[in-house]
Amino acid sequence: MEEVTINALIINFAYVVSAALFILGLKKLSSPATARKGNMLSALGMLLAVVVTLLDQSIVDFKWIAVGIIIGGVIGATVARVVAMTVIPEMVALFNGFGGAASLLVGWSAIAPGQSSFTITTIFLSILIGGMTFTGSLIAYAKLSEKMPGRPLLFSGQQIVNSVLILSIIGCGVMFVNDPSNVLWLYSAIAISVVFGVLAVIPIGGADMPVVISLLNSYSGLAACAAGFAVENNLLIVAGSLVGASGIILTQIMCKAMNRSLSNVLFSGFGAVKTTNTKIEGEVKPLTPQDAYYILEAASSIAIIPGYGMAVAQAQHVVKELQELLEENGAEVVFGIHPVAGRMPGHMNVLLAEADVSYDLLMEMDDINPRMANVDVAIVIGANDVVNPAAREMEGSPIYGMPVINVDHARTVFVLKRSMASGFAGIDNPLFFKDNTRMIFGDAKESIGQMIREFS
Amino acid sequence: MEEVTINALIINFAYVVSAALFILGLKKLSSPATARKGNMLSALGMLLAVVVTLLDQSIVDFKWIAVGIIIGGVIGATVARVVAMTVIPEMVALFNGFGGAASLLVGWSAIAPGQSSFTITTIFLSILIGGMTFTGSLIAYAKLSEKMPGRPLLFSGQQIVNSVLILSIIGCGVMFVNDPSNVLWLYSAIAISVVFGVLAVIPIGGADMPVVISLLNSYSGLAACAAGFAVENNLLIVAGSLVGASGIILTQIMCKAMNRSLSNVLFSGFGAVKTTNTKIEGEVKPLTPQDAYYILEAASSIAIIPGYGMAVAQAQHVVKELQELLEENGAEVVFGIHPVAGRMPGHMNVLLAEADVSYDLLMEMDDINPRMANVDVAIVIGANDVVNPAAREMEGSPIYGMPVINVDHARTVFVLKRSMASGFAGIDNPLFFKDNTRMIFGDAKESIGQMIREFS
Amino acid sequence: MEIVFLTFILVLSIFLGFELINKVPATLHTPLMSASNAISGITLVGALAIAGSTSDPVMANWLAVGAVTLATINVVGGYMVTDRMLAMFKKKAGK
Amino acid sequence: MEIVFLTFILVLSIFLGFELINKVPATLHTPLMSASNAISGITLVGALAIAGSTSDPVMANWLAVGAVTLATINVVGGYMVTDRMLAMFKKKAGK
Amino acid sequence: MLIAVPREQYPGENRVPMIPDSVKKLIRAGATIHIETGMGNGAGFSDEQYSEVGATIVSDRAALLTEADLVLRLRKPAIEEVDLLKSGSVHISFLDPFNERELVEKFQAKNISSISMEMVPRITRSQKMDALSSQANLAGYVMVVKGTDALDRILPMMMTPAGTLKPAKVFIIGAGVAGLQAIATAKRLGAKVTAFDTRAVVAEQVQSLGAKFLDIDLGETGQTADGYALALTPEQLQIQLDGQKAEIADSDIVITTAQLFGRKPPVIVTADMVAAMKPGSVVVDMAAENGGNVEGSVAGENVVTANGVKIIGSGNWPNEVPRDASQMYSSNLFNLVDEFWDEEAKTFTLDFENEISGCVITHEGSVVNQMIAKHYA
Amino acid sequence: MLIAVPREQYPGENRVPMIPDSVKKLIRAGATIHIETGMGNGAGFSDEQYSEVGATIVSDRAALLTEADLVLRLRKPAIEEVDLLKSGSVHISFLDPFNERELVEKFQAKNISSISMEMVPRITRSQKMDALSSQANLAGYVMVVKGTDALDRILPMMMTPAGTLKPAKVFIIGAGVAGLQAIATAKRLGAKVTAFDTRAVVAEQVQSLGAKFLDIDLGETGQTADGYALALTPEQLQIQLDGQKAEIADSDIVITTAQLFGRKPPVIVTADMVAAMKPGSVVVDMAAENGGNVEGSVAGENVVTANGVKIIGSGNWPNEVPRDASQMYSSNLFNLVDEFWDEEAKTFTLDFENEISGCVITHEGSVVNQMIAKHYA
């Protein structure tokens, strides 16, 4: 693109526009209300970019391009349409892998005699990152779709091998930049990057794959960016670096949500230990009050089940406020009061009356249990024994046969308590390990306070 | 800068760095905790930019530059150091004006034969915007420093004059771009822009000046940006457009805070009416709960004075939560209970007890009045008669002689009520018009709820 | 000089990227990921560009066409999947 | 081509500007304003650049030197005033 | 200036007009205080406590009264005792002037300035002397305690392993000072509270205490400048009765505080309404002593109807909490005296410029209070 | 299966063992119910209400008892009446087996399965049959109402134009079921509540009701598996007494609920402590009937000490709210019967696998309850 054809100008301004569209898209994507629109926008941007780019093409290769686009489009579309919702993470991984591969190829094909060593470097980078993104994503896919054991695969001396690889990558890099004509370096670079991608991911446990994917996604962004430098295309740079940056952030956010550090996740040894840990604990799924808010915001029917913990936390006032906010938000809120909740008969009544919760909202156990199946979210506030499914399920349990509030029948259950400790009866509670249960750890008053602050 | 000297490369990368510094600076500036650091950072960026630019200079003009820098530096520094805090808004206006003037001159001096019409256009823009920013800011300065009547100056046919000006500006622009050599167009352009700046601002009331300044500030950013295009300097473009964009946003935020629309502010007719309005009402100063939060956050001693309105709003529970949050934040909070607050003896006690506010925090009128002078913020929640200074000040008043809680002796007073309506005794309340009073209109429960949500 | 501009662009977009994704609800993590993944399919454009202007047609074409195919999968698939996810999300939030 | 880059830069920085100043406390409005106002003094750099490389020394110099002077006032004054404001703000928030 | 505080003589009256604390304040203000032996006993204050703060204990009641320049007491005096008072002296107490014409004329004849605590104008500034409010306020609380004690159920809701106990329903008629405090107290105990009042303005006040206001459209109803309700027309009263029927039948406790200033209180709970209530439920009639809001209530007694409904008419409610009641009345008195206290002369001097002087009934041998004068005319 | 419910005969007892609602449930479960004439009157239930739900009203008490397969009642039977019962029949009521050896041996001799409501084990699952808790709970509420009624002050704080009334101080000793409910009720009324209990675990429970827990370090104190407190050593008791002195002297109302399961309750408020209290203040002794926590309390009476402190020992607290008390006891009974009800045979059949059978005292001619057996041995 040395001399400026008017055509090129148009194209580039179109690029500016589509870059803007990507940005807007991402912005909107970060709020539930506008997310879908955002996705459309960025898709639009993409379309625009592709179309104008095609304007630039000589008819000769056009048919090949057409072939590529059609094949790819069909595959992508069908896959995207047919796959079950549950396997979407795998899909994302797979797509991401293709993206990486694409960058690899672009970089590769961008090689031309007499390029500045800067250009060569970027080319090399795009190949490298592209390659490892490719295989890395494939492994991630395999692990998620259980085509391959989800548990971390470790072999002794892994670290060493990795370091060796990294060194040799650098080596190849240097050589390649010095003498681009020598394809050997190129091929070995490709080979190594591909291998490295595999080795980087296998030692990470299936549970951590989402994080990995998000990271690889950010890489593929960087790959695109590098490719952009290679072919001197601003849009690639902008879009690529956007994805790169946001990907990193997103990865960090995800780590925070599962309170892990990124290094925890990546560095095999640790990653492995950690994951097995969680296995032992069964699947306890913690949730931050902030995230809890987003689920509550979308819920239309909510049941609050208070217990002794609400009393200890003196959370009745915030509970009342939460109830009001939820109602303003259009949800229907009821309280399910178990006869023995608390430490004295009517303990919950005293507190809720103090907080001025209308009597009409208080439902007895026998009235609320039947409708539990239609409850979107059951919020268990410092209750334990009185919502313990063991009373139904575990013949042996000391409380077997005692009627409890069947929160586990609700679509989602939030349990607000400080720890995994047991309640008055001193027995474990299988509820905490159910699929639809999310544990919100911390003093109930604190946690609810934080949820409330999300409303605004 | 057609051919790339290594020098130029260094400079430009330095620019990249200082751009980054500006960005970081702005980011930090938007949170109280980090603001000062932010300012430092962006100053650093500026320094860097200047220094590296100087590297580029031939010694010849260097002395002139030195002269300019020294003069400017001295003036700026002294002014900035000596001025009283109270006149800072004027100062900002003034500085902004100089910025504008600078852009004007830069644009002017950038003119050179044989420039592309694009460059010419940008030059023209930088001159134009620079010029109107200059005079506009001067007027703003004059109005704020009462060197000139703060009230809107209106003359009939203003609209027409303005439209004429705008047209002629466009006219000049076209002509100038076609034939840059003809300085006439240039001078007239400058003249007009200067005049326009004046006319644009005089019809706006002194109360609205902050908004205007912020807007002009954003303009001077755009001017710089235009200048950047003119002299093909990326840093100018980046910094300029950053300021431009953020300036616009800031302006909008400010308008929201005074719940006005930007057009309200700008379009003389309305501007005028509005400002006179506020005059009539005396100086009632409304405040948003959000902003109230920032003041509360900085306060160390707070007194809450509840009245009948708290009961009506059933705000006792949120009040209690606010108290707790303030205490967590390190402030000391007490409640001042007037004996006749509410509609029955002990009305406030009933409610606060319900919300479980510790009895030890409740102070009688006679105990709290003496310490009122040391209270940072007195929050009056739906009280009116019981905090009415008329009881002390206005011989005639029906409640003259009744002891009241002297909230007006506190440093700042927040009054939470729905309107300017009077209370049970049906008499007006001078408190609402005092300098240190801020009215937070709306249902007390709502308002406090919003403050609470700011804590997080 | 280009390289300067490019770096500028790079730096700016990185900052922007950070700013944009500052705090997203966990509910949106996956959609967001797959959306930005789709964006990273922008290499498609690069591929197209190459596929046209390259010194070694035959070889490059094959690579490029490969690139185009893969990138297209990434783009099309990515956007559609994202949309599907968000669609159900919307439904819930909708009521 | 430059102009393309420049527009890219423009667009990106505008977006960035918006993102950065999204919600600032009223307490910070004035400081923020005067800080960004100081930044807009960046014209100084332009002025400096010109003052060196221009076709018509005499005339341009005077203009440029004027520009330098004014811009410097804007920059120096702007930053210092801002700092003063923030200083007292800090004190209050500090305790 | 000699201020005398005789001992209350009304049978069963435990409240006392002055507590040592207020006596102290008056003495500090420069007054000389004589109190009758045992004046404070009812509320648990010993003579010692008074002498400690500087009062003189006098055992001879007659002497006490004859010497006094200013007499402070709670209940209206026996007519004979007025004869003992000095001409030109001042007498402050409840007087019930609307019904005690004879007594008032006695004051007039003896040229005594008599002040009626009932007549303290109801302006914001004067609330600290408003003994009607301070006592009514306590009455509101006491009535709920009595009602709760008499009820065969508990007030709050309780969901317990042994089944759920529904909250008791309390219906309060008349949401003035007493009514509002009753509402607050019943709410505190966890009852479901509904209230009604003829003055529409109080609906908001009722809700401000978290209770329900029963909506009955009576059309135009008024209130005096002092905030007292005007009497209803017979039609309106009928509408009210019909409107309340259902609510009353459904309530566990009904408390009536409906008063008409200076008039006989209206009958607002009829026998058939009581008959319609559940056995074991309770009706508290605040006004029992002076006529009663409830048909079948007996002044000063608790009766049980045929269908097992308890009607509590014990009356003199604040007397159930004599300590607090005395403290409040005593400071009402002090504030009133203080209002007209002449710093220099250290005397009590009425100032008819001051609107609060509206509480003066007789002065210099004539009935100066217009309302009363009109009432007699 | 014929279930008989005789009328309670203890003087002044208004609670009834079965309310119509529970009777209905039992009949639905397939039982035949005979009740004695007027059985429900005390709590306001008429014979009609019972016959309506299908019970047979029997006027001949002797006949009623002799025919019964299962007898349900509230208080322990008179020994003579045990003779009337069928051998092999079942008898459920409070029995106080620790002190009623003679009665228990009578049951044994007559080969009657006797079940003591006191002995229902305190496991989470059995709370719905736990009559001690359900009645103690109401007692907690009633004691506060009584105390409030007796006090010469109001409980809540009030800042009024006539000065500020400080909140009353309430001190509650023993924070078990009754104690906690007392705390809650006093809190509701706005009192400043402090509580103490020997079982450290309840400190948190007390705070969970917004009350203050008085810290006295007694060293090692225990509680049984059922959560009952163990007796203190003399030294510990002394420490406790000293620790409470100040608090008690400072309190307006002191409520004692300290019990030791199956033992005489400890004396925890001594005469000198009472003497140190303000005149007009009140002490409520829950345990007055069986020994008492308070020195000088008289079972079933309210005494006023020399220094004017009222000691309330009226006892049988739940009886003050017979309607609710009966409802709760009745559903406790129903739940217990239901627990051992044989769906097919439609009979009450004890199952000694079920831990709740711990409440059975005698069965097939022997004392099956270990604790009691040990106690007698």
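Just so it is clear, A, B, C, D, E and F label the chains in written order, and each chain counts residues from 1 on its own.
Rule of thumb we're sticking to: contacts are C-beta pairs under 8 Å (C-beta built on N, C-alpha and C of every residue); 3 or more make two chains touch, one makes a residue touch a chain.
Bear in mind that the values here come from a model prediction, so they are computed numbers and not experimental data.
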{"item": "Chain labels contacting subunit B and also subunit D", "value": "A, C"}
{"item": "A-D compared against A-F, more contacting pairs", "value": "A-F"}
{"item": "Interface residue overlap between copies subunit A and subunit B, same or different (over half shared)", "value": "same"}
{"item": "Gap in Å, rounded to a whole number, between the CA centres of subunit E and subunit A", "value": "69"}
{"item": "Centroid distance [mean C-alpha coordinates] between subunit F and subunit C, Å", "value": "73"}
{"item": "Rounded Å distance between subunit B and subunit C, as computed from the means of their C-alpha atoms", "value": "40"}
{"item": "Euclidean distance of C-alpha centroids - subunit A vs subunit C, Å", "value": "17"}
{"item": "Residue list for subunit D, restricted to those that touch at least two other chains", "value": "1-3, 5-6, 8-9, 12-13, 15-16, 19-20"}
{"item": "Set of subunit E residues in contact with two or more other chains", "value": "127-128, 133-134, 137, 156, 158, 160-163, 165, 188, 190, 210"}
{"item": "Residues of subunit A touching at least two other chains", "value": "23, 27, 234, 238, 314, 339-340, 345-346, 350, 353-354, 356"}
{"item": "Touching pairs among all chains present in the structure", "value": "A-B, A-C, A-D, A-E, A-F, B-C, B-D, B-E, B-F, C-D, E-F"}
{"item": "Residue ranges of subunit B touching subunit E (in the complex, touch as defined)", "value": "308, 311-312, 314, 339-340, 342-347, 350, 353-354, 385, 398-402, 424-425"}
{"item": "Of subunit E, residues touching subunit A in the complex", "value": "156-165, 167, 190, 192, 210"}
{"item": "Sites on subunit A touched by subunit C in the complex", "value": "22-23, 25-27, 29-33, 35-36, 38-40, 42-43, 46, 49-50, 53-54, 56-58, 61, 64-65, 67-69, 71-73, 75-77, 79-81, 83, 85, 88-89, 91-92, 94-96, 98-99, 101-103, 105-106, 108-110, 112-113, 118, 210, 213-214, 217, 220-221, 223-225, 227-250, 253-254, 257, 287-288, 290-291, 293-295, 297-298, 300, 330"}
{"item": "Subunit E to subunit B touching residues, read off their complex", "value": "123-125, 127-128, 133-134, 137, 140, 177, 180-181, 184, 187-188, 202, 204-205, 207-210"}
{"item": "Interface residues, subunit D side, partner subunit C - complex", "value": "1-2, 5-6, 8-9, 12-13, 15-16, 19-20"}
